[in-house]
Each structure stands twice: as C-alpha cells, then as structure tokens.
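There are two complexes below, and they share chain A, which is joined by chain B in the first and by chain C in the second.
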Partner chain A sequence: MTGGYGAGHLAKALAWTTVLYLVLPITIVLPVSLTDQRFLSLPYETLSLRHYANIFASPAWLAAISQSFALAVASTLLAVVAGTLCAVGCWRLSRRASDLVRVLMLLPLIIPSIVYAVGLYRWFGRLDLLDRFLGVALAHAVTAIPYVVITVSAALAAFDARLEQAARGMGASLPQTLRWVILPRIAPGIASGAIFAFIHSWDELVMVLFITSRQVFTLPRKMWDGINENLDPTMAAVAMLLVAFTILLLWLDGALRRRRGGDA
Partner chain B sequence: MSAGLSPGAGHALELAGLTRRYGAFTAVQDVSLSVASGEFLTLLGPSGSGKTTILMMVAGFTEPSEGHVRLDGRDITVLPPERRDFGMVFQGYALFPHMTVAENVAFPLRVRGISRAARDEKVKAALDLVQLDRFADRKPAQLSGGQQQRVALARALVFEPALLLLDEPLSALDKKLRGELQEELKTLHRRIGRTFINVTHDQEEALRLSDRVAILDHGRLVQQGTPQDLYERPKTRFVADFLGRSNFLAGTVREVRPGAMALLAGATRLVQAVPEGSPRLALGAPGVLALRPEKITLLAAGETADTEVTGAIAAWSYHGTGFALAVQTADLGLLQVALPAWRAPIAPTEGMPVRLGWPADASVPVAEDSHAA
Partner chain C sequence: MRRDLGWWALLLPAFLMMTVLYVAPILQVLAISVTEPTLGTGNYERLLSNAGVQRVILTTLRIGLLTTGIALLLGYALAYVIALARPAAQRWWLLGVLLPLWISVLVRAFAWVTLLRRQGLVNQGLQALGAIDSPLQLVWNEFGVVVGMVHYMVPYAVLPMLASMREIDPRLLVAARGMGASRGMVFGRVFLPLSLPGVVAAAVLVFIFSLGFYITPAILGGGKTLMTAEWIKLQILDLVRWGMGAMLATVLVGAILATLAVFSRVVDLRRLFGARA
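Showing the complex of A and B:
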C-alpha cells in the first residue's frame, strides 16, 4: 500500500505486542518439543528430535492422528457439499428469504460449542451415535458448514451474474451452467471453505469430549488425556506438528486466493 | 466463405403489442414491430426508453406483461431463453474469464453436445470470421476491448443462431475503434445475411449500421423507418432532436395552398413545403417546424430564399469540417447553423450581422410529443 497514512508509534507498538502475544506460546512449545530431557523442560545440552520420533513409534499416537485425519476428511466433504449447495441456493433465491437462511447457517458459530456439545450428547444417545465415527463426522460437518457458506457466498458475491445469463442465452441448462460456469468461478471459495472446515475438525476438542469415549479417539482428545495423565515433551512435539499442519493448510488457502486474484 | 457459417438462413421476428410493467411503472408500452429475415434492425433510444427491456423480452430473459413474440409465425413468448437458439452479444460481452478464447467460442456447441471434432472446426471458422484465429489460446483478460468484442461476436454466431441480438455491443469502446467495428459489423451482416437486432443509445451507430431503426421514448415506439427516412422526415419533436440536431421553429399557420403552407412567427414568414399525402395543419393552428442546422445557408447580398431571416452571430466554434454558429434572431430565437469551413463565405466573429435562408422543403412539420404535455 502506498499513499496511505504511515502508522504512528503507538499503533506500531500495539501491533507488535499483539504479534508477540500470538506467537509467544509457540516460542515456548517449540524449544520444549526439542528438549533432550525426558520431562517437560527447555533443552539442556543439545536439541533432540527424540520426542518426534516417539510419536511415530507409538501406535496410540499414530492411531489418533489417522483417526483425526479420517474424521476431518469425512466432515469436510459433508460440510463442503451441504455448505456450497446452501450458498448457491441462497444466492439464487430472493434476498429476504436467503438472508434468513444465511443467519441460520451461522448459528453453529454463535452458539457456544459446549452448549452444542450438551445438546448433541442428549440426541446422539437416542440415535445411537455416541462414540461413533459417523456421529463425530456429522457433528464436525454441521459446525463447519458456516465456514463453507461464508467463503462460497463471498465468491458468489463476486460472480458476475451476466455470465449465468450469457450461458443460458447460449442454450446451457442449469446443471450445465453450474458445472461449466458457476462452479469453476467459485472453486477458490469452495477450497477456502474446505480448508477451514478441515482445520475446524482437526483441532476440535469440546464436542469430542462429550460424544466419544473409547471407540473414537481423536488427536486433540489424545493430547487432552496426555496432559491430564502424564505430561511429557511428546505433547509439545504433537502440538508443534498440529501447528505446522495448520500453517501449511492456511498457506495453501493463501496460495489459492492469490491464484484467483491473478486471473480475475 | 467459411465452412461453419452458411449464409442466408435469417429468420423473421414479430413483436405484437409487447408491454412490460414493473409494479406501477410501465417500462415498455404496446410495442409492435416486425423484423424481416436478414434485416439489421436497431432499437434506438435514450437510457430508460425501454429498448433493453424489449431485447430482454426477445431473448426470453424478461417475460412480457402483455403481448407476444413470434419467430417465423411461431409464438415463443414464454419459451425459456436456453431453448430459443438466439445468439447474443451482451453489454460488457460477458465472456467466461476462466476459459480461453477457443473455449468461450466452443461453449454454445458444448452445451449442445456437439462432438469435439465438429466443435473444433466450427470454432476455427468463427474465429477466422472475426480475424482472431491467432488468439484462440488466450484468456479474455489478455485481449483488448475490441478483441473481446469480436470474441463475443464469434461466440454468438458459432452455433448459427436464428437471430443475433446485440445489447449495446460497442458502447465500451473508444470512438475510433467503435467506428472500425461498426464497419466490421456491417460487413459481417452482409456476408452472413442473418437477422440482427441491435440496441443502442448512439444515434450515429444506429444510422450507420441499420437497415431500419426503431426509435423508442418512455417505453413507446415513436417512429420506425430507414435511417434516411427518420433523419429527413422525423414525425415528432423528440425524433428530430434525438437523431442529429434540429432547430425548432414555432409559428401560426397563416396560408394553406396545395403543396405548401406558410407560418408566421412574429414578422418572419416561414414557407413550408407539404408533400402529397402528408398531414396538413389547419389555418390558424399553431405549428412547429424542425430544421437541420446544415440546411440553413448564409445569404449573400441580393440572394433570396423561400424563408429569410436576419440575425447576429452570438457564438461560434470551429470543428474542422465546419463552423457551428449560434445566430440570435428576433422572431425565431437562437438558430444553430452548420457552415462548411472549406471556402466559407465569411470569417465568423461575434456580433456579426448575417442573413440566413432555406428552401421550403428544408424543414419538416413535427408533432409535439404526447408525454411532454
């Protein structure tokens, strides 16, 4: 940005404080994960990757990681399909009706997840979905829908409605228009939504604590139990892997957005 | 001639009593119009005159409140746009930004399930037609405005549509490019012989391109005819004013003879030819004559004309091909006069007294517009 007002000292100080506040936990966790000791501490003599090696040697950790991954993929698929259809539907409908639906779709963001979790617990008990893969996938998918609806709606808002009209005028049916004109134009929005939905499921803990026990054991749940039972530097290593993976996904999202900005 | 586009397959369109209302507002009122096969018709009007609404009703995007659209006698009023088989060049072109030029042009063929081989051949023919074959693999954003316009044209023609609809096709281009593309469009129309319906607010474009022009104002069809017809014989004040420039001379009818009449405006006697069959004004009735600036001549000493008036130059400007003079007269107010600059009889200066004249068939009686009352 050029030509704008420069930032003042106070604003700069405030911004850097915020950055420090956000980054500080990682600056502790990272050294701890590289400690050469067997207990939670900063490295004494040398940096060590033994705790990372521990994760990949432990069937329990690997199982938790793969289960979390499978859950995230499943719930992302559900959320993307439902959220995209909802956003496209709202976009095509009249303004007033669609605004109402959009607000309803944001409810999972508005309702505290613990309230949601308690409600899910009661209903899933009756539906026999407690401690089931399907149950957690559904819970994560429903709470991820808002992310998809928001990103896809934003992409649709930037979509030139005349393109749809042009497609129709040239003889395209609605499914053809959706497939060849609308979806390719909003694909970056769908991808963003999918990434956020994935991250949402990947590190969600509150609902999982309520609706799972033995069968479904996700990575955040395993970490939670680990912290309560025996706190060792492996936790820090897992945390770092979680952070790295999330950063990777966010970078992917940014790259996709830049590409979209490039051809628009 | 290109393989993909066979000439001469035009279709006739008829609009009967077309009306479109939005709540209490009437955008188009009772428009009846027929377009012959192979004709280039332009709907001309200022913004808000309903011309685009008419085109949208022809295309099928807007449903008429009343009236019918017929193609070769078949009623297509409620047929959805995707089943009309009309080619359309949209305002701003509406090219698909994620597709290459070739993919854009192939789109109408793809939705019709035409095989890839046949598609490629037709796309190439259409791109040849608009001289864009070299740009087949570019994205629309990499093309200039004029090139994008030609892609839109190729895309609209590639599936050999029954009718080509053009919605302000040249309005986004600069003046010079617009002139070039007007020529191209006209040549293209002659070559492929299809029926074209064009919408524009640019009167110059309408005059240059069309076989016939329909002028719209406030949702009504005011007058239709060939460009010469409309320019030389406007029926209403609106048409005379919108198409080119006109002076309006108001007077009272004082004499009526076979083939001519005279109006009196103050002390000035306006002599008006009345051709056989044209409506006559009654003696004593008020009348308005429209007079084009280029039909007024500067009278030299001793020279006479059917109508003569004296005045003084109030303002003038030089336009290369001519001078534009504003002459203040006692009886007719300010008169706009276009004077050829090449060997102009005077060098205009402000306040210079001049004597103006024009023949009886230079001006036309025009009706006041109904909505203005």
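Showing the complex of A and C:
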C-alpha cells in the first residue's frame, strides 16, 4: 500500500533502531574475524587473514564442512522429490480429500525440533540408524519437506490447470504430463524449495546433537563445541564464511524468483 | 476416483516418510511419558510436586511472553514503516528483515556472545567511554537470553503483520485525514484495528516458537537460565530420565497445539506457516 500517507517520525525511528538491532550484531563478526590477535577482539594494528587460513589448514573443520555439505545435498534431493510429488498431488486432488496430508506436511514447522530429536534418538536406536550418515540425511529430509511443499504449492497456484487437462485429453500419460507439462512450469518453485531445504540441513543442530556422536560430525556441531569450549577468532572466520554462503544462496533464490516473475 | 489413483500415488513417498520417520517417533515420545519408568501418570504428577519442573515452566512462560511482547512492538513499527514505504524502499527494508532470518542461528548466538560477554565489545566500548567502571553482566543470564531470542523472533513477527497491513486500502487513511482526523486518530481508529489479525497471527507464531526454543537460550543462558527445551535435553542425554523428559516434551507439544487451537478461529494456520517462504 502506497501513496498519500507516510509513516510518522516516531515509527520511523523505532523501525530504524530495530533494523540496526537485527543487522549490526551480524556485521560485527566481519572485523572480529580479521583480527590480528589470538583472542576475540577487533583488529589492533593490522587486518589479518590468518584465522581463515587456520580453517583451511585444519582437517577437523574441513571434514565437518564437507560432511555437512554432503548431508545437505543428500537430504535436499530426498526432500525435493518427495515434497514436489506431494505438492502436485495435493494441488490436483480436491482440497477436502488432501487436507489431512497438507496439515501433516506442516507438522515439522509447528512441533519443536527438541521433541522430534528426543523421539528420533529412541526410534533410530531401534532401526540402527544412530550416528549414521543415512539416519541424519533422512531426519533432515523429512523436516525439510514442508519448505518444498510450500514453495512448490505457491508455484502451482500460478499454473493454469487447463494445460494439464489439455495434455491428458490429448492422450498424455500421467508421468508424461508431469515430465513435459507440469515440472517445466514449476521448476523455479522447486529450485526455491531446494535452496531452503539445503539451508535447513546445513544449519540444523538440535537433531544432530541427539542422533550423532563421532562418525557423523557436522559443521553446526563443530561450531556448537567451539562456542561452548574455546571462543577463538577461528569461530568468527567460520561464522563469516557461513554468512557469505547464506547471502549467496539467498541471492540465487532472488534471481530465480525474478525469472519466475518474468515469464508469468 | 479411479482416475485420481495416479495423483494419490504421488502423495505416497512424502506420506510414508512423514508417518514412519516423523509421526511415529513423536508418538513414541508421548507413549514413553506414561510408560517409563512405570506405567501410569506418575511423571505428570511431578508437575504438581517437583519445584524444579515448575521453575523451568515458569521461566519458559515468562521469557516467552516477554520475548513475544518486545518482538511484537519492534516488529509492528518495522512492518508499519515497510507497509507505508515506497516500493523501492520496501525492498531494502525487507532485505534487512529477511537476511537475519536466514543466517544460521549459531552464527547469531556467537555474534551476541562476542558482543555481550564480560570482555566483549559492548563492555569494552562502555569502559573506554568511561560510562561504567566494571563490566556489566549482559549474557549468561535472562537478559542475554531475551536479547538473543527477540533478535531471532522479530522477522517472524514482521512477516504476518506486514501481510495483513498490505491488505489495508491506503485510500482509507487518506480519506480519514481528509475528513479532519489527526495522525494519531488515523492510526488508532483506522490502521491499528485493521491490522489486528496480523498482530494476533504474529503473537501466536512468536510465542509457540519461543516455548520450544533450544539453541539460543542454551548458549546465551549459559546453563543458568533453564528453559523447557534445555531441561528436556538434560533429562534425556545427561540424567537418562526418559520418563520425565518425555513428559515435559508432551506438555510442550500440548501447550503449542492448545495455543493454535484457541487462535485457529482468528488465524489461518496454513497462511501463517506459508508466510515464511
């Protein structure tokens, strides 16, 4: 809503304060990561990249990064396939019939991950999935499905259902319709969902604290130990790399959305 | 119905994953709360007799309400300014809201520790300015937890409120001004009432997220300010008291579902949780 009416000074001052409160604490990580000291501080005399060099010289950090990356890719693939098919099915079926499924798919956003983590700890013990790559990938995939369902459903809302009916009417099978008619039109929505699923797995800590110990040791787990044990500037460098990576992913998502907006 | 069979099959992978790997483990938690260590409601009776649990629940409610109140106030001002800004400016404001939302919660907790601890940048700055003699205790207490939690929750407060403010017709505001209403009256009598559904939605969202929040309170509370999630983790991983941990987890889920049920008349749940994407 615009035109003819603007916010007052008080509201603007409060809004600016709030945005600074949201953004400034995160930006403070950059100068701290460039400090020339051995402890957490602002740079004293010069800027130094040695804490970044520390990360790349440390097998432990590199292993955690590569394991987190592999986990995020695996769980994203699972979540995207299951979530996309589910969103398409719900979209095509009547609202009432698929309502239960829709609510089911939102559960991981509502129920706190601590509750799920406790349940997983016992459940995966029984299935022999504790401290295993597959176990974490499955847990992250299941909890990422809502993000995919939401973004793909949004893309489907803008899709003309008559295209699908026309394809079926001309004799295309369901898999053919899916492959050649529906999927190409909702690809940007799927990509958005994939990005959010990836970030979800990449950042996830609570489940990992319960269901992993040594075999699987992810980046958030390593950061958690770092924050609780030794606060050193290497942590700041890792945090800065994570911020840069998140900004890159969000920028990618923005670019995809603009393209989607362009051809609609 | 037979024609729809193929479409139903598409739901199958997600449905199976969700029931076998999500719903089943959670139902098991509910079951453990009444079966371990012995069958019955013994764990729930501790709610009435155990001062430790009661303190954790009170702390959680107090911090949850405080966080919700502050996040709503800050978020409302922010959403109000965004809703009334020009489209080009809106994009920058939104960036300021959405960027923190997607930055790792660990990175944000780390940033707050860097700023607020005894030798942190805030204390150093204040001492250099001569404003204080000895460092202030800003973290590893309730203050630190609230600062970190509000920081996490403001974006979740802004999004539903902004969505409902965007549906307000700006011509209403101009018309009210034109008919002689003061700025305060336009806000109090026109804008605020029309934006209330968004405020309720934001309050529900922030409050239920606060109740089960783990990472930020655990890091910024430093083990001294115990909230529900951290207490559950202590029971299960450190004390191996499954019954008690599962009991409070069940109470937590019950409280969240009850909050949602009460407000489901006012709030469209699907829209609420779709607001994030």
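Going forward, the second predicted complex is superposed on the first by the 255 of 264 C-alpha atoms of A that agree within 3 Å, B and C clash if a C-alpha of one lies under 4 Å from a C-alpha of the other, contacts with A are read in each partner's own complex, and residues count from 1 in each chain.
Convention: a contact is a pair of C-beta atoms (placed from the backbone, for glycine too) under 8 Å apart; a residue touches a chain by one contact, two chains touch by 3 or more.
Predicted model, so just to flag it, every value in this text is computed and none were measured.
Superposition of the two complexes onto chain A shows chain B and chain C fitting side by side, with no clash.
Looking at the shared chain after the overlay, A:Val181 reaches chain B, while chain C stays out of its contact range. When the two complexes are superposed, the chain touching more residues of chain A, out of chain B and chain C, is C. Once the two complexes are laid on top of each other via chain A, the angle at chain A between chain B and chain C, using C-alpha centres, comes to 100°, given in steps of 10.
When the two structures are aligned on the shared chain, A:Gly169 is found in touch with chain B, with no touch to chain C.
Of the two partner chains placed by the overlay, only chain C lies in contact with A:Gly119; chain B stays clear of it.
Legend: residue contacts after superposition of the two complexes on their common chain; A:Val142 is shown touching chain C, with no touch to chain B.
Once the two complexes are overlaid on the shared chain, A:Thr18 sits against chain C while remaining clear of chain B.
Touch criterion met: A:Leu109 reaches chain C, while chain B stays clear of it.
The least CA distance from chain B to chain C in the superposed model is 10 Å.
The intersection of chain A residues touching chain B with those touching chain C, taken from the two complexes, is empty. Considering their complex, residues 1-8, 11-12, 14-15, 17-19, 21-23, 25-26, 28-29, 32, 40, 42, 78, 81-83, 85-86, 88-90, 92-93, 98, 101-102, 104-116, 118-124, 138-139, 141-143, 145-147, 149-151, 153-154, 174, 192-193, 196, 199, 202-203, 205-206, 209-210, 220, 223-224, 227-228, 231, 235-236, 239, 242-243, 246-247, 249-250 of chain A touch chain C. Across the complex, chain B is touched by residues 160, 162-163, 165-173, 176, 180-181, 184-185, 263-264 of chain A.
Residues 59, 61, 80-83, 85-88, 90-92, 94, 96-98, 107-108, 110-112, 139, 141, 155-156, 159 of chain B are the ones that touch chain A when the two sit in their complex. For chain C in complex with chain A, the touching residues are 4, 6-15, 17-19, 21-29, 32, 74-75, 77-78, 80-87, 93, 96-100, 102-115, 117, 119, 121, 151, 154-155, 165-166, 168-171, 173-174, 177, 183, 186-187, 208, 211-215, 219, 228-229, 232-233, 236-237, 242, 245-246, 249, 252-253, 256-257, 260, 269-270, 273-274, 276-277.
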